[in-house]
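Take this structure first; my questions come after.
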Amino acid sequence: MIYFRSDYSQGAHPEILDALVKSNDVHTDGYGLDPLSDEAREIIKEHIGRPDADIHMMIGGTSTNVTTIAAALRPYEAVVAPLTGHIYVHECGAVERSGHKVIALPTEDGKLTPAHIDDAWLLFEDDHTVVPRMLYISNTTEIGTVYSKAELVALREACDKHNMYLYMDGARLGAALTAPGNDLTMKDIASLVDAFYIGGTKNGAMIGEVAILLNEEIADHYRWMIKQNCAMLAKGRLVGVQFTKLLEGGDNSLFYEIGRHMNLMARKLKEGIEAAGYGFSGQSVTNQIFPILPKSLIEKLKENFFFYEWAPYDEDNAVIRLVTGFGTTEAEVNAFIAALR
Amino acid sequence: MIYFRSDYSQGAHPEILDALVKSNDVHTDGYGLDPLSDEAREIIKEHIGRPDADIHMMIGGTSTNVTTIAAALRPYEAVVAPLTGHIYVHECGAVERSGHKVIALPTEDGKLTPAHIDDAWLLFEDDHTVVPRMLYISNTTEIGTVYSKAELVALREACDKHNMYLYMDGARLGAALTAPGNDLTMKDIASLVDAFYIGGTKNGAMIGEVAILLNEEIADHYRWMIKQNCAMLAKGRLVGVQFTKLLEGGDNSLFYEIGRHMNLMARKLKEGIEAAGYGFSGQSVTNQIFPILPKSLIEKLKENFFFYEWAPYDEDNAVIRLVTGFGTTEAEVNAFIAALR
Amino acid sequence: MIYFRSDYSQGAHPEILDALVKSNDVHTDGYGLDPLSDEAREIIKEHIGRPDADIHMMIGGTSTNVTTIAAALRPYEAVVAPLTGHIYVHECGAVERSGHKVIALPTEDGKLTPAHIDDAWLLFEDDHTVVPRMLYISNTTEIGTVYSKAELVALREACDKHNMYLYMDGARLGAALTAPGNDLTMKDIASLVDAFYIGGTKNGAMIGEVAILLNEEIADHYRWMIKQNCAMLAKGRLVGVQFTKLLEGGDNSLFYEIGRHMNLMARKLKEGIEAAGYGFSGQSVTNQIFPILPKSLIEKLKENFFFYEWAPYDEDNAVIRLVTGFGTTEAEVNAFIAALR
Amino acid sequence: MIYFRSDYSQGAHPEILDALVKSNDVHTDGYGLDPLSDEAREIIKEHIGRPDADIHMMIGGTSTNVTTIAAALRPYEAVVAPLTGHIYVHECGAVERSGHKVIALPTEDGKLTPAHIDDAWLLFEDDHTVVPRMLYISNTTEIGTVYSKAELVALREACDKHNMYLYMDGARLGAALTAPGNDLTMKDIASLVDAFYIGGTKNGAMIGEVAILLNEEIADHYRWMIKQNCAMLAKGRLVGVQFTKLLEGGDNSLFYEIGRHMNLMARKLKEGIEAAGYGFSGQSVTNQIFPILPKSLIEKLKENFFFYEWAPYDEDNAVIRLVTGFGTTEAEVNAFIAALR
């Protein structure tokens, strides 16, 4: 069975695993208050060009989203997200459980624009309604698209106009920043958003993400918020060790190498599928692709490949999702393309 | 200044005020556990044809919605509502504060249909997503439309198919059940929904609503839920006294008389506005109407009339909301129509 | 049956009822944004000597507590209360439902002291624990005692030392400020606490309380918090009308007259019970008293009097609670004393 | 620097690390729905003697507590815990954030008894108070004591009498079940509680705990609850691999070997400290000990040893906490004892 199911179907990238093994016997204090986490913090601060950033070792993406949103908002404040946004659909109501409305708006391509913000403020307007106070975007989006620098700048300006926080979910930031045509850098992001996180789990790490807070209001007592939201890892140093390995070397680091590899494998898959005469749903440019295939072919493919059946399409065809990971090989890609014939 | 601002701009209907005055000196136990509340309960049970109903004296509409939703749902369960639904827009995130997602769907006319339920289940489908478990509808809707019996039966069947609760917000139930063309009765509602409330505040009462639970699962420990959601009135008997006065006499009772009066006044307003050559937004058949008027005229009207400026329309015109109440007089209606010329 | 069950067993004091009747037909805007509520605000500001106070018409005590606590605290912050505190025991977990821990500490007499604050900070000390950020006290306490001015000053100083808010639940503030030996005034309170509320329900009003915010941090967007916590009364003017009647005339107003009457009736009850040879639990000086009576006598008294059986005492005796209200008469008091013989 | 700071100051026990390395390249589905997690489930079911158990791979202790409590309780229900309980003190209000009161009661030794349950029900008694519905105990307790079989049976009976769930936090279950004098087995626990978790983080695992649900009511939709409470690990298989390694071999497995080692190292420390003439706070029999030492000595020890300064004692002395871990060596223990002289 060949896996195109997700970018988290294996343990860790070999170099990361090696770093975990090498640091295993070291004793440190817990909860991310240790030299191994501090080392990662220094490397990240340098890389994002923000020595003032407040940086935290986190367990996972959902808990990072919930913690950051809850840290930023007062009870009557809400977060605006795309209808496809992870916090709206795929976190089982975790944000609402922490008390905040997610105002979900339809989009063309999984991306929010300044017009969305205006729409939210038209509906939520007085003391009987929540106050839209944070914008939640994902890069890559949940459907594989990426934000350009101009788009992010426009969102920053719109947020400033409405006194809103701008927050980026970077679960797949590695794939985003190495996508063909991408013109954003980590430094750009760190200069434009109030908070974001760099995803490890879907970019070669065994576990963990790093939350980066650029706004003091959100950073205030953030460790208390982490603890309360069940996101404090006893052995926080595990995340530190991994992110040191991922990001040391900056633009040439393993983090980007993994992103590039995943995107390349996805592009080869895509080209092969196109060559076989099939089309796609959406405009993904990263490591998730959404081919439209005949249902009979899908059934056949399922014998040897493991993937997600994404959505119905028409009577004869359906959309599947193929995802490449750090360990996806060219042989696996070729096997899939061969199976299409 | 003549008020078409809301249906709660005066104290209480004179007969209700009289009932409060007459019962004022009686001593009773608190929190709705008293003979005056029990008397209301008996009258209501008889009127709705459900001697098994669990009936509670409530402080207000938002707290009744929140209490009932929180009583019905487990943490991962969500409530489906129209995009115009009171719980989605105008309760300042109270439902989310109690931990539950409101899945808000666009509608033609403020009313949900079985197709909306199917849409919700398509998106929220597995153990990463909330479970749509309750349908929230308002009758009248927030924009003045009403459900027919056939529509309510269809929703009941769709809810049964998906194992969902059906809950009706009856803040303006008096206006709904006396609307022209309405074919629903209180007995129909009580036989079709899992819970609903009868609104007093917007139908001549000084304060209070009555929650009616027809499903034992929702009724279980409901008093604890009321207390926890700040909706337990120390002097619950106040609500009892008012609802006895409102509903004694059943189909001919003051409750319906007030509804009919408000609808009649609104219809006369509407006819006068139409005769003056203006159109309306939406298809309200009850005591809220939404005329589209020239902005200059609106400015002029504001000198003598108090109403809500509802929404932009086009460059020259805007939508206003006019609401009639138990105390609206024909003279007030005529004054408005005269002012249009 | 004679009621010593509570101070909310009747409707409203006749003068308050009269004020509601007289203002009944006036049209106003809703939600406390009306001239009748504004009039009450002005009278209250004058009376408390704080023209800068932010004043809100509220539905009830529990919702006022929850709204104020939730408005003041960030998610990881907690409120310190006595073990007997209303928010700890008798609000069915409403504060916790809004997300905040209530740190409950044992007391001698229902009152907190600076030492309690130190205790709380000893246990809750780092980023794994909540931050004690608000002190909740009730005056009268839930067991009938009152705070002296010196005690309140000491709490203010302790709160300042720890950067904590001081909040007073004034459900029975009328009884407190007219208690024998009381040396606190409304002005004192308004100069020492960050927020408090003046109780109407237990002091002659039909419904309603008034929240008074003296700290801008708590006042910020408080109306949104009211709405979200289900505490926004559509006909807010009802509370305004009642509090104007209660507090016009300041120190000689109906508010204090009712408090003095209730305390006097309770004192006469107490003296009669003592003269009959029975003792009391606690040191109440206000309108709740807690006689220790033989169980057999209690059974006999229940035939003609309605009261609360408070707590076990020993094999033969138990504690009951007697409460006097605005309408308690000397004849009712004498009847009880006579029944003891 | 020698660490007696915690039992989570190193990565993973070498055998566990080895298991992670060996399974690293395997592709599996995510979220604990994989053969590696299933293998752990089978081993655990066998070991606890409950083939019907519902078993989940969890990220950490706090999230397991919160998820299980929130899965079990309705909104008005509360959990009873010792004042020293982890959920009361050291989870930063996470349980309250999920909406539930923690009723914290003082204990002699960190352990609850049936009398505590009676106390809780005396105070929380009617529809104005929460309903005590779950008992939370930790084994070992947070201060190193353990429950006997007779004590656990007595709690089960008391819970049954009051219709309460019994839940055991097993963060340090390995140390508990290998403590001198312990007479409880994993099978006993699984036959007496409604839910418990087996701690990995503090017993040699790199990360992760296993939640074991023996009551269908708690197990219902538990995966949704995990996701909502941010406790769903994308690579759930990591926990599976580790627990297979920990528990394969049952009573002779690595899990118990690590517990025995930690307890032995702590006992040797204790004996050395006693021999040096110092006493202890509490009666720990497991891998946390609480010596009372002169403050000047503590300052000296801090130069070479890293430990937690636990509590003040008297003017000259203070209590420290020493914790042994899977990697603590006899040489480290001896170094500490030597340093006392």
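In this document, chain identifiers A, B, C and D correspond to the written order of the chains, with residue numbering beginning at 1 in each.
Criterion: a contact is a pair of C-beta atoms (placed from the backbone, for glycine too) under 8 Å apart; a residue touches a chain by one contact, two chains touch by 3 or more.
Computed from a predicted structure; not experimentally measured.
K.L.:
Please identify which chain has its centre, taken as the mean of its CA atoms, farthest from the centre of chain C.
P.N.:
Of all the other chains, the one whose centre lies farthest from chain C is A.
K.L.:
Give the chain pair, either C-D or A-D, that is connected by more C-beta contacts.
P.N.:
A-D
K.L.:
Averaged over CA atoms, how far is the centre of chain B from the centre of chain D? Could you give it in whole Å?
P.N.:
Measuring from centre to centre gives 50 Å for this pair.
K.L.:
Could you state the distance in Å from the CA-based centre of chain A to that of chain D?
P.N.:
Their C-alpha centroids are separated by 33 Å.
K.L.:
Round to the nearest whole Å and give the separation of the Cα centres of chain C and chain D.
P.N.:
42
K.L.:
Among the residues of chain B, which ones contact at least 2 other chains?
P.N.:
In chain B, residues 75-76, 91-93, 97-99, 127-128, 130, 224, 227-228, 232 touch at least two other chains, as defined above.
K.L.:
Using the touch rule from the top, collect the residues of chain B that touch chain C in their complex.
P.N.:
1, 3, 5-6, 8-12, 14, 17, 20-21, 23-30, 59-63, 66, 91-94, 97-98, 201-202, 206-207, 224, 227-235, 237-238, 306, 327
K.L.:
Show me the residue ranges of chain C that touch chain D in the complex, using the header's touch definition.
P.N.:
Against chain D, the touching part of chain C is residues 75-76, 78, 89-93, 96-97, 99-102, 104, 123-124, 127-130.
K.L.:
Within their complex, state which residues of chain D touch chain B.
P.N.:
31, 70-71, 74-76, 98-99, 127-128, 130-131, 221, 223-225, 227-228, 232
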